[in-house]
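Next come two complexes, and both contain chain A; in the first it sits with chain B, in the second with chain C.
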Partner chain A sequence: MNFVWSWPVIAFYIIALLTLCCGVIMLSVRKVIYMALTIGGVFIGASALYFLLGADFVGVAQILIYAGAITILIMFAIMLTNHEATEPGFKWSPKNIAAAIGSVLLAVVLLLAIRSTAWPTATTSQTALDGGNSNPMAIGLVMFKGYAIPFELVSILLIVALVGAVILAKERKEDE
Partner chain B sequence: MWNWATHPVSWLSFLGMLIGTVVILLLTLVVVMYSIYWQRKFIGWIQLRIGPNRVGPFGLLQTAADVFKLLIKEDIIPNKVDRVLFMIAPIIAFVPSFMALSVIPFSRTHVFTANIAVGALFYLALSAITIHGVMIGGWASNNKYALIGSMRSAAQMLSFEIPLGMSIVGVVLMAGSINLNDIIAGQQHSVWYIIPQVLGCIVFLIASTGELNRTPFDLPEAESELVAGYHTEYSGFRFAFFMLTEYVYLFAMAGLFATLFLGGWSGPWLPGWLWFAIKALIYITFQFWVQATMPRMRVDKVMPFAWKVLLPLALFNLVITAVLKAVL
Partner chain C sequence: MGAAPFPVPTGSLLALGALLFCIGLFGALTKRNLIIVLVSIELMLNAANINLVTFSRLGVAPSLSGQVFSLFTMTVAAAEIAVGLALLLALFRLRKTSEVKDLNIHKW
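Let's turn to the complex of A and B:
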């Protein structure tokens, strides 16, 4: 494999290293608030990769929704609820062993699937993918021309979930 | 425009990136220092005082002396705080505020401007990351005032981000692009968007004041009830970093306002950077003027105001803009 150093390659390795570090720290720390912070780091690392690949809109959406809203929601939940600040230490139990085997198997399957797929290379031109439009415009055109009905269905699903959450929260209040 | 990805990997191009960053950082520090000086002087005039006038001619070195004092102060970390989080919280808060400057076009020749297709959204996304720094700082301080302040701050910044984003959508609709450079180009062909988007502009002004946690929405650090809000336990240069974040965001928001509604660097006769500086100064001065004039809002009225007044107004503006754009 011929390997050429360029700034994007260096940036990729730095981002990947930081993202993996955040992931490993998240699994190894015992304090819940550290986990919330490092999972935010993982989300930001993922969005940096999207930026590197030229998917600006996906990268921004990743930061806005995951690193912004969801991580902050997790932090609010941690800070406002009553629970142990630190989790108990790690012990090997049958459940943990099964989970470990399962995740190794999943990793192997994913690796095999990734290696056996023919990915588009640099020879596939950018204009073939986005039709020469800017990134958000290309996504908008695809979403509202090709996939208008699935998009609307997903938004109905979201509204139903929202209403459901409100109803669930309301019922609990009346019980008290 | 300088493209980092196409340059060969060498120390020279690395040095170029480093110098660019340092130059922008120094520029930002000078802007922040003199906006604080201007704030004190301007509010002084409004309140019939003189303002700082001792250090240097007209007190011009007053803020430099203040910054120097903060930097050489002892770095106090209280015993009962969560050490790691307490130390990194100011960094998490500051870094996105500085990154947000990268999408704002300062001048006609875009030396340091990232020409990304989602500029305005990028700004909003980054300011959401700063909320982490504020929350973590307040939580790690192990102090009830700091925690309440950080909770208020996070809730307020999240809430005001929505009307802010919605008021930007009107401009985006008119320009047909989220790229800030294209938005300026669109205003060069027609009028500044403050005229057709006057409602969106008002919503933007109010929502950005809330987003920046400035008076009348400065509840996160309401000194009469919360000591100093989320940075109660901070002192020395960590406190300076939180302050710096606040004023860098003021500058960035001024740049965003100038770009979205006042045509950015475009204007007759004067060079681009000077036009940008004038327009940014108008926004910054407006913020200080409001700060000197308005009392603080009550805490239970701020959030409903953002959700029930600003958001419907922004949506109304969006609908009108869309209809007019389709009809005309």
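Let's turn to the complex of A and C:
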């Protein structure tokens, strides 16, 4: 693998480092609300990565959905339940040790597999991929020409999920 | 963006996705608070999204399908977290707890 130190590569490594740091901080802090904050950092790092890869629309959707909606929703849920909650420190119980060994083993296997494979470098640029249009326009064309039925199904899924969430979270009469 | 096709090496992107996935897996297995378990699952979905966007450039016929698929994944993730947090609120109203170890009604 020949390494070219251009600006996008350096930017990628900085973004990747910050994203992984946010993930590790998420695992190590004690207060639940700080965990929600650091997960926002991970989501923003991922969206910066999408911008770097030229997937502008996915990056904006990532900021809107993940960093905007989901992080705020999680913070609301933390505030509505016991917001003073803290995680106990990492204990070396058998369950935790098994989880740690499993995760580290999976990471090692995945990294070795990635390292031993010769990945092709992409030859098409993003502008060629978009077919001359801007990225959101190209995605809209692909989505409504080729993926119209999955799009409608996903909209049904969203409606069902949101109505179900409202019904589940509503206070019921027979509970009192 | 047009001149240099894809400067970031593919293996590094996939490695980042794999590491984020493993961080999410560890969090989902060990954390006590139900909200944080849900957040860790979101982290794993996010890592899968990074892989999808990476792979959308490669292959014999590179197309935008990977990016469209990652948009669908985001929608499903949003639906999942909405229902999960609603279940959590219902549970908290019933049992005044949001810890995983207290969810053992069906355990025997």
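Please note the rule applied: the second predicted complex is superposed on the first by the 148 of 176 C-alpha atoms of A that agree within 3 Å, B and C clash if a C-alpha of one lies under 4 Å from a C-alpha of the other, contacts with A are read in each partner's own complex, and residues count from 1 in each chain.
As a working rule, a contact is a pair of C-beta atoms (placed from the backbone, for glycine too) under 8 Å apart; a residue touches a chain by one contact, two chains touch by 3 or more.
Keep in mind the model is a prediction, meaning the values are calculated, not measured.
Asker: Using the superposition on chain A, decide if chain B and chain C clash or fit.
Answerer: Aligned on chain A, chain C fits beside chain B.
Asker: Quick check on the superposed pair: does A:Met79 touch chain B, chain C, both, or neither? Answer first, second, both or neither.
Answerer: Touch partner of A:Met79: chain B, not chain C.
Asker: Using the superposition on chain A described above, determine whether A:Ala46 touches chain B (first), chain C (second), both, or neither.
Answerer: In the superposition, A:Ala46 contacts chain C only.
Asker: Which partner does A:Pro136 reach: the first (chain B), the second (chain C), both, or neither?
Answerer: A:Pro136 contacts chain B only, not chain C.
Asker: Does chain A have more residues touched by chain B or by chain C?
Answerer: It is C that touches the greater number of chain A residues.
Asker: In the overlaid three-chain picture, which partner chain does A:Ser6 touch, first (chain B) or second (chain C), both, or neither?
Answerer: In the superposition, A:Ser6 touches chain B and chain C alike.
Asker: Applying the document's definition of touch, where does A:Ile63 land relative to chain B and chain C: first, second, both, or neither?
Answerer: first
Asker: With the superposition applied, I'd like the minimum CA-CA separation between chain B and chain C in Å.
Answerer: Here the least C-alpha separation of chain B and chain C stands at 7 Å.
Asker: Does any part of chain A touch chain B in one structure and chain C in the other, and if so which residues?
Answerer: In chain A, residues 6, 8, 57, 69, 76, 80 are touched by chain B and also by chain C.
Asker: Considering the complex alone, what residue numbers of chain B touch chain A?
Answerer: Residues 4-5, 7-9, 13, 82, 84-85, 116-118, 121-122, 124-126, 128-129, 131-132, 135-136, 139, 147, 151, 154, 158, 177-179.
Asker: Looking at the complex, which residues from chain C come into contact with chain A?
Answerer: Interface residues on the chain C side: 1-16, 18-27, 29-33, 35-36, 38-39, 42-43, 46, 49-50, 53-54, 56-58, 62-65, 67-68, 70-72, 74-83, 85-90, 92-94, 98.
Asker: Once bound in the complex, which stretches of chain A touch chain B?
Answerer: Contacts found on chain A: 5-8, 10, 33-34, 37, 40, 44, 51, 56-57, 60, 63-64, 67-69, 71-72, 75-76, 79-80, 134-137.
Asker: Considering only the defined contacts, which chain A positions touch chain C in the complex?
Answerer: 1, 3-4, 6, 8-9, 12-13, 16, 19-20, 23-24, 26-27, 32, 35-36, 39, 42-43, 46, 49-50, 52-55, 57-58, 61-62, 65-66, 69-70, 73-74, 76-78, 80-82, 85, 87-88, 90, 95-96, 99-100, 102-104, 106-107, 110-111, 114-115, 117, 119-130, 138-139, 142-143, 146-147, 150, 154, 157-158, 160-162, 164-166, 168-169, 171, 175
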